[in-house]
Amino acid sequence: MMLEREEAVRRQLIEWLGCPEDKCRVQRARRIWLEVAKEDFIKVVDFIANTLKFGMLCTITGLDAGEEIQMIYHFARDDGIVLNVKQSAPKSDPVFETVTGHYQGATLYEIETMNLLGTSVKGIPDDIRYPLPDGWPEGQHPLRKDWNREVPEIKGEGEC
Amino acid sequence: MVFKKLINWARIKSPWIIHFNTGACNACDIEILATLAPRFDLERFGVLLKGSPRHADVLVCSGPVTLQTKDRLIRVYEQMAEPKFVVAVGTCACSGGVFNGCYGVKGGIDSVIPVSAYIPGCPARPEAIIDGIVKLLKSLKQ
Amino acid sequence: MVMTIFYILVFPGFLFLSAYGLAVEFVDRKLYARFQNRKGPPWFQPFADFVKLISKETIIPAEADRRMFKSLPVFAMTAVLTASLYIPVWSTQSLFPFEGDVIVILYLLTIPTLTFFLGGWHSSSLYSTLGSVRVLTQLFAYEVPLLMAILGPALLAGTWSLSGVSAFYAANPIYALVNIPGFVAAMIAAQGKLERVPFDIPEAETEIVAGAFTEYGGRLLALFRMTIDIEMVVVAALVSAIFIPLFSANPWLGFLFFVIKTLFVVFLLALFRSVMARLRIEQMVRFCWRVLTPLALVQILIDLIVKGFVQL
Amino acid sequence: MGKVVIPIGPQHPALKEPENFVITLDGEKVVAAAVNLGYNHRGIEKACEQRTYLQDIYLIERICGICSHAHSTAFIQAAEEIAEVEIPRRAAFIRTLIGELERIHSHFLWLGVAGHEVGFDTLFMYSWRDRELVLDLVAKLTGNRVNYGINTLGGVRRDISPEEAAEIRKVIGALEERTKYYLGIASEETTLISRFLNVGRLSKEDALRLGATGPVARAADIKRDVRKDDPYAAYGEIPFDVITDTHADVLGRTLVRVKELMECYKIIRYILDNMPEGLISVRFPRRVPEGEAFSRYEAPRGEDVHYVKSNGMDKPERVKVRAPTMANAASVAHMLSGGYLADVPIVIAAIDPCFSCTDRTIRVRDIFRGSDSVLDWPALRDYSIRWYRENGLDFSGIKLFGREIG
Amino acid sequence: MKTGKMLPLALKGLFTKPATISYPYQKVVVPSDFRGKLVFDPSKCVGCMLCVRDCPSGAIEIIKVGEKKYKAVVHLDKCIYCGQCCDSCVRQALRTSPEFELAVYDRKDLTVDI
């Protein structure tokens, strides 16, 4: 299969970042995966948004990878290429930078990882209760692997 | 006596419903709406869909009760005037269905408010909903 | 005296109007359903709804003004019933005609609208409040064209009594032809008066639930609904008495004509509401002032000119 | 009348689902709008990790009943990519076919709801009457009216017989006639146009900035369609046009949807004419090898994306869903402000929101903490101004209490 | 632009038969492979429990009632009528039937032996 466009994007990324080859791979047509260090992340996003012109952030996946919390940002371009960028932070201190500076729609996705995985994203207030119901106990993050699935009894505010 | 009969008759012939989605997947909701569309036309049985709980006699619920809708469901139920009935449409509303065990789900409608009729199905076909409502009305006869 | 009480309570008063109102509601709903290619409700539906509502528990919101809340529906009902006394039913003559009763009918007909406003206002619920503001805004928009559309034919007839107007057109049916623009304007304004699509803005359920009626339930709602039904009869009768010159000296035949005429008006009303989308309040007001009022003015002008010719 | 804050929902006639829009009014004008979601949050993503891939199909299908096929296909595509299972071409064609039938039913449904929201119930009745034809067809092909359950890992569960194919053609023909009629209604009926034109505007720039997808984006003249950009199933070989419109308002969204219906018929005819012979499914391993995949699907309302990560077991390690409505939710608040209360339902409806999917994750509500106490106008205003400014929505042109919001 | 575009269609409604079906007075015919209530053939079942394992909502139970004899209990209030159990059953002991009118007043009545 011809993967010229994908390879071109990959080369550009590797050269600009100066990262090892295996950090960026082309999975198949239109799917590129990239792993970056947390420190470089915002710089990379800037490059992706402004130079590579990925216009849309499809979503952000947060996941519990054992010792670390991993965030995967799925950027899409109008020619169909999806660039998935990963960054991780230790579970003990899962702090990430916000990408709302480049992609406005990201707020919701970031808040979602904050609630469901207990991350914290700089620049987004961390007291926002989101998609979890009102009255959900603090510190309970259902998507963490060690969270048991007993539903805590919730007393709602009862307001309409 | 005659009066009582008349009132009972009127109740059976004029069940106004209010629809409340307690976290359904939409399929049951559109099937409920489809019963109002020309093919099934629930108005044949005097059913009108009302927006205000004050006007309605039958609360038609679809979906598993999520933690977030639980209090609203109770509130809407309380706002309705007596006599009132609750119909659980769809497997989710009956028991929580496929969502049983999800952390955001409380369970079926009857885990929160009393239910007068259960209509299983995923989604319940419009005919099944009509069947359920007609069965409910029949049970009011005595 | 007995006869008067019979007139007021039974025919063509309270009982007859209630029954006929329910029948008209049925016709309206059935036609609406048929226009939408569905079967529609059975014939007893409005009656069953009424009985059921009467027998239901009535909840009065804690924040609402109890006395107002309860008395308004009764007040509205009384007003439309009173208005009906000046409407001819089986001939060109109404029960208690007097010079100027056209104006009185129109005023009596605004009373229900005002009670809807007050009722909504006193429910102290957001949707009701919003609904009542819309009721009032809309009232100012359609009342003028409605009044003017009726004014024209009355000018031509040279009397301010509905019975007189009817009698005039019964005698000279040909003149009714010049009143067609007025008929159109009156029909459209009536749509607003009865709060139906495209002018059902005050109770637009997708926006403000049930508008002014949101908090009403049980018996009080039953009264309001009945009021609206009777109002529909009265408006249909008023419009048909003025614009449709179909009368008979024979009371039976006259009554039959009355039924035919009102049902025809109801048919038109149902048709209107099934082929249009609801306008926004500001579009409605604009429409009333820019289109409807000029139309009614044209009607008055035509009537004045015709009158001039007749007198020459 | 002063400023009023009215909650639309969670139980409100305009919404078929429990959501809460907090609309701040000055008379009839909307000065601020906030979206509170979260009523439908069930916890599906977590549940997916606790069930097998096979069970997940049915769970994911029930994220939403209207684009059930979209969700299950997107999920299965991801799983198949990880397991390196290639489905037979015939299966891909059947998936595409059902997907397009779903789009037809969904667009008809939308047209009816749009009519209903502006009080045009006759339109609702007729389009829902015609929609039944599609549902009958789908029930015949798949065994259920909604939540078809046709997809399975490695292919599809039911084949399409020649008689069924003939029946599809017949129904498509009838629907095409109806669609032309509705196109006439949507572009000519005065009262409808007066409610749709220039209502809920979302310019091309705003749509790009807020990441709108689907008909919302296409109505703003953005040629964005996953079926073309990132073809999946059989779309790579099917010729069709991406419909766009320049109105960028509710009318534009209506026209895009109705015209898309015509494309659906074209696609379905192509599928029936070119349906390859062969198997409809292949074996799929119970344990999926380690890996991850990201899959996109053009649902009737826009792009639906799924991310699946496998750890080599029979249950996925992580499933992430981002449904179309969530991508468009950010646009709604923007479209509402400055409009009329009467337009709120149609504007909301115009993105065709169905939050059961979106709620997986969103809840904007507490961003507007102040709005919880319903009549606390100043607090709401402060919060909303702050929020909007933080999010780059410019409200400075709107006057409040006779003053401009600085 | 035209007002009352739907007028002809609406008027036609007066003279055409309504699209309304007369259910429940007249039964509807659903496709024969419509996925409704399950049916079970005990003579085919070997008790392998594949159906139980694959059911997405835990709606089916296979209970041993004797040597090589099994009965199936289905919770109609949990079943999502997906038919996966029928696909999973290598013996074709389970099938879906087009029966869909399952409404009851008491939830207990929804747990049935099939």
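The chains carry the letters A, B, C, D and E, assigned in the order they are written, with residues numbered from 1 in each.
Rule of thumb we're sticking to: contacts are C-beta pairs under 8 Å (C-beta built on N, C-alpha and C of every residue); 3 or more make two chains touch, one makes a residue touch a chain.
Note that the coordinates shown come from a computational prediction; the quantities given were computed from them, not determined experimentally.
Participant: Taking contact as defined at the start, I'd like the list of chains shared as neighbours by chain B and chain C.
Facilitator: D, E
Participant: Please state, in steps, how far chain E lies from chain A along the shortest route of touching chains.
Facilitator: So the least number of steps between the two chains is 2.
Participant: Which chain has the mean of its C-alpha atoms lying nearest to the mean of all protein C-alpha atoms shown?
Facilitator: D
Participant: When the contacting C-beta pairs are counted for C-E and for B-E, which pair yields the higher total?
Facilitator: Here the pair linked by more C-beta pairs in contact is B-E.
Participant: Among the chains, which is located farthest from chain E on the basis of C-alpha centroids?
Facilitator: Measuring from the centre of chain E, the most distant chain centre belongs to C.
Participant: Which chain lies the greatest distance away from chain B when centres are computed from Cα atoms alone?
Facilitator: A
Participant: Quick one: chain B and chain D, Cα centre-to-centre, how many Å?
Facilitator: Spacing between the chain centres: roughly 26 Å.
Participant: Averaging over Cα atoms per chain, report the distance between chain C and chain D in Å.
Facilitator: 43
Participant: List the centre-to-centre spacing of chain D and chain E in whole Å, with centres computed as mean CA coordinates.
Facilitator: Centres of chain D and chain E (C-alpha means) sit 27 Å apart.
Participant: Would you pick out the residues of chain A that each touch at least 2 other chains?
Facilitator: Residues 131-133, 142, 149, 157, 159-160 of chain A each touch two or more of the other chains.
Participant: Which positions in chain D touch two or more other chains at once?
Facilitator: 7, 10, 12-13, 38, 41, 43, 46, 50, 58-59, 62, 122-123, 125-126, 129, 144, 147, 189, 191, 359, 374
Participant: Touching at least two other chains at once: which residues of chain B meet that condition?
Facilitator: 37-39, 41, 44, 51, 66-68, 72, 97-98, 101, 103-105, 122, 125
Participant: Quick check: in the complex, which residue numbers of chain D touch chain C?
Facilitator: Spelled out, the residues of chain D in touch with chain C are 1, 4, 6-7, 12-14, 25, 27-28, 115-123, 125-126, 129, 189, 191-192, 194-195, 340-345, 374.
Participant: Could you please specify the touching residues of chain C with respect to chain D in the complex?
Facilitator: That would be residues 35-38, 126-127, 129-130, 133, 197-198, 200-201, 204-209, 274-283 of chain C.
Participant: Under the stated contact criterion, what part of chain E meets chain C in this complex?
Facilitator: Contacts found on chain E: 3-7, 10-11, 13-14, 16, 18-20.
Participant: Would you pull the chain E residues touching chain B in the complex into a rising list?
Facilitator: Its residues touching chain B are 18-21, 23-24, 28, 30, 56-58, 75-82, 100-107, 110.
Participant: Given the complex with chain E, which residues does chain D contribute to the contact?
Facilitator: 51-52, 54-59, 62, 122-123, 126, 129, 139-140, 143-144, 147, 149, 152, 157-158, 181, 184-185, 188-191, 193
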